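What follows is a set of structures for review.
Presented sequentially are two complexes of subunit A, the first with subunit B as partner and the second with subunit C.
Up next is the complex of A and B:
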């Protein structure tokens, strides 16, 4: 009996450990009037694989592309709550360059009202309204875009997407260069907006920053709902393909509506981007 | 923390006091009652790690130490061609099963983990005490061995797992959410074990369910269901007893939750085949067990279990 008693005491001693702490601190409530930060991380990929500049892949048009450049502009970011209320990031601050070669992949937003956001909306490129404000109004962004080869001249405006490299195709002999420069011109507005649903809520708090991890698929630029064969657009000298205007850009604008998806959202006070 | 240490010391000291007297009280200690304890005990008990199978015992009541190794591969990144990185989960566990009353036993498991992986950003290691689990078992049914061709034992138990292992949400930014020392939460367990024996043959069936709660980082690991069935065969020699064994073990995980929302791609399941043996000599027993996955779908396919290995040395009480 002595034995059992001792063991019983041991168990009792152990049990006392389990009545101590509880974690009722509820950090989930939104404090009105407070703001926090948000990060959008653009993880560039191509047809399900990670985009690695210099690597070659074959698209469904049976053309093999070696991508050497993928730069683009995202803009006019809007965060949307479950009930549909929107927070529009201040327009002056809402233009960003994403560049694979420049390792410029994160958009950092500040002063976002605390809340639970379920959707994000942004533009691909620069809207007419902004462009028409004139060069001096947006000099610093223009300069940044120019640095990443995302401008023509001021009169012809921004390149929304700069997608370049080389390709081979059964329809052409040898390796050719390709340049896809998406943009608007005086006749056509190719600026587009996409609204993406987040797989889980992005929680913005004073001390919590959500990281919205987006997956970009560069393949759909040419190989999306509209199929654009580089070989069909080769120049007269047969040296390469430059797609910089015309109907193709309207097709590309439509394709890029499928270019972005949110893979996941990190929440909490330890969110950083990375993988 | 101080409380835990005192409690553990108390428990351990009780066990050593107890052993001097147990022979007279429990003469049938060599009943070859196999206990396959399969509580979420490895890899911080978090999603892909928990319920490391194993450990059959030659004795019903024991104190012992076991080492477990689990090898995983995790995809670092969101793309089809994202690289796989190796993750190594090591656990050294002190465990015991002791009688406290007729038909009632208490099990305690105290793990120490040392885990590592090497993502592109450089090697990461975490080590420290894991989550301590304590369970009570009640023998619901047992018939006497001597008279019948078949002997049956059915035990049911319940327990609690304390958040003694560190949960660090910074480790959660990566693909495998289970790279932790503990769940950070108070978790509760229900368990049942059934053993049937006929002559030298035996079969052990085990079920347990772990209810996991939200930790103070607002993360909640998914509930976990573990099951196993193992055949064993007892070879008795003059000086020792050898018990080869083989069977299946499975784990099913519900979605993890954060801030009350399901975290995508965190539920999963895995089925292992396992084999091993136990050797008993005098009051000591030594066991080796290995597990290989037969079928798995963990963390949306972003985590793969490669194999598990366990060694244990027990002293019967």
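Up next is the complex of A and C:
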């Protein structure tokens, strides 16, 4: 009896050790051929603060922006392992809308091969190749995008980012509206991809779902490596600024390469798949 | 006839076999052929290859006013077959509530061979382009989502979408695909000119037409390229801008000042039938168009290089040469296309 108890304690101690270890390394084994879920959570912010629609902040261009809308498209998600092997999420399922006003902040992926992932890659917007394959390949994504003001209808493309509100600037009198509609047109392809390193390995198992928590910085859209002053782009009637074409979109595309960072990864959420 | 019987008997067989005892219509893909004198397709139609039912559905949609907000304006309202799918007699097409647009409706033909649509290239996809007229406030002023809601009320459409597409859904995607299939099939390649270059019967040219063709090749094919008579490029051909419209052309889409007053080179097929001419329909006749090319151009920062040779603006032409060019342009009229019952809507 005594002996048995001792044994039990030993086993318990061993298990505890095991459990505590597996929290920060990847010793829980990968069962070949199994899959799990992954979640990407987009935490929208501006220059380090939380993004609160209707609040005003001032950027380094000395313009004060009241943001009323931040919607964007993320796509073509790829998860990358330490050794460089990539898992590309099925393209036809790989287009997502993130919307602050719609409280649509999570991308849920299913059927990801079990493994330990160290990087995530995704696109901002809709790639030209997919766009030209037309509706047959985009499925009903158009309808979803339209619902979140992420389509153009006078021309036929997607808005990759819809960033709107009002602003004041020393260079203009009073409050003006702004609309930044980032996208491609038939002359320029503004689709860009970013690859982000995860601070902690994201562990995908049949019953473990990592949650990759990203921070989005809306400030860099206009105030990134390229500085775009809204006041410099005001319309002739002086009522507001609409940035929807030209060189600005190319500058914004470059800025958005810095728009996302992975803040942290939660491992170990149970998905229920394994039960 | 024989094939029809064959198909019918096959259909019967199929029906009697199916255990669910439900009536299953058969959809077949269409044998789409590229005319031998045409360049390769510019659109990737692999993903939306025309089928008999998809085409028929696209045709029905093209002729259906329900694609507009007040259910009165169909695509065919502005794109009439008898005038090569242009809006006959209108410089600016008028649409819903008699609102008037700022551009002239171009011919809809050989669309799958072109890489850009609309005078400013607002779309470059044969499947997506229909979004523009449907949403345009002065054309159909509708939304795709609402069109779908309306079509879902109609059992006939439910049936047609069911047979035309694998997923069988009445959806915005399938509306666009069906219209894309219809436009893919709208090929005009049987004018007297086509027969002439393919050495087919009925392709004889008069001396004047032959001379006109030579003049055309010397002066016009740099832009009105290939047997499509367009290179799908955006160019400024020197039209004096209309200050009342201030239509910036390609710049509207790209936002680049370098694209100011550039417009898509239109195809000249069926040009005899598509008056008035140019993006704003300013010219009522081909004679006026040629008068413009020979003496009406204005220089500007974006005027096309091809129209500025050794300090001479435009294309100097004598009246005799203009007449020969017009005679040649008329050989591009394709009676088979404008009379083809395949493109009518039959109830």
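A few comments on the model shown:
By our rule, the second predicted complex is superposed on the first by the 237 of 275 C-alpha atoms of A that agree within 3 Å, B and C clash if a C-alpha of one lies under 4 Å from a C-alpha of the other, contacts with A are read in each partner's own complex, and residues count from 1 in each chain.
One rule holds in what follows: a contact is a pair of C-beta atoms (placed from the backbone, for glycine too) under 8 Å apart; a residue touches a chain by one contact, two chains touch by 3 or more.
Please read these numbers as outputs of a predicted model, since none were measured by experiment.
When the two structures are aligned on the shared chain, A:225 is found in touch with neither subunit B nor subunit C. When the shared chain is aligned, subunit C comes close enough to touch A:186, but subunit B does not.
For subunit A, the partner that touches more of its residues is B, with subunit B and subunit C as the two candidates. Legend: residue contacts after superposition of the two complexes on their common chain; A:140 is shown touching subunit C, with no touch to subunit B.
In the superposition on chain A, A:171 makes contact with neither subunit B nor subunit C. In the superposition on chain A, A:156 makes contact with subunit C only, while subunit B stays out of contact range. Residue ranges on subunit A touching subunit B, taken from their complex, read 2-4, 6-11, 13-14, 16-18, 20, 23, 25, 27-28, 43, 45, 48-50, 199-201, 203, 211, 213, 215, 263-264, 266-272, 274-275. Per the touch definition, subunit A reaches subunit C in the complex via residues 131-140, 142-143, 146, 151, 153-157, 185-188, 244-249. Touching subunit A in their complex are the following residues of subunit B: 3-4, 6-7, 10-11, 13-15, 17-18, 21-22, 25, 76-82, 98-101, 106, 108, 119-121, 134, 136, 160, 162, 169-170, 172-175, 186, 214-218, 258-264. Partner subunit A is touched in their complex by these residues of subunit C: 43-44, 47-48, 116, 118, 120-129, 131-132, 134-136, 143-145, 171-174, 176-177, 180, 250, 253-256, 259.
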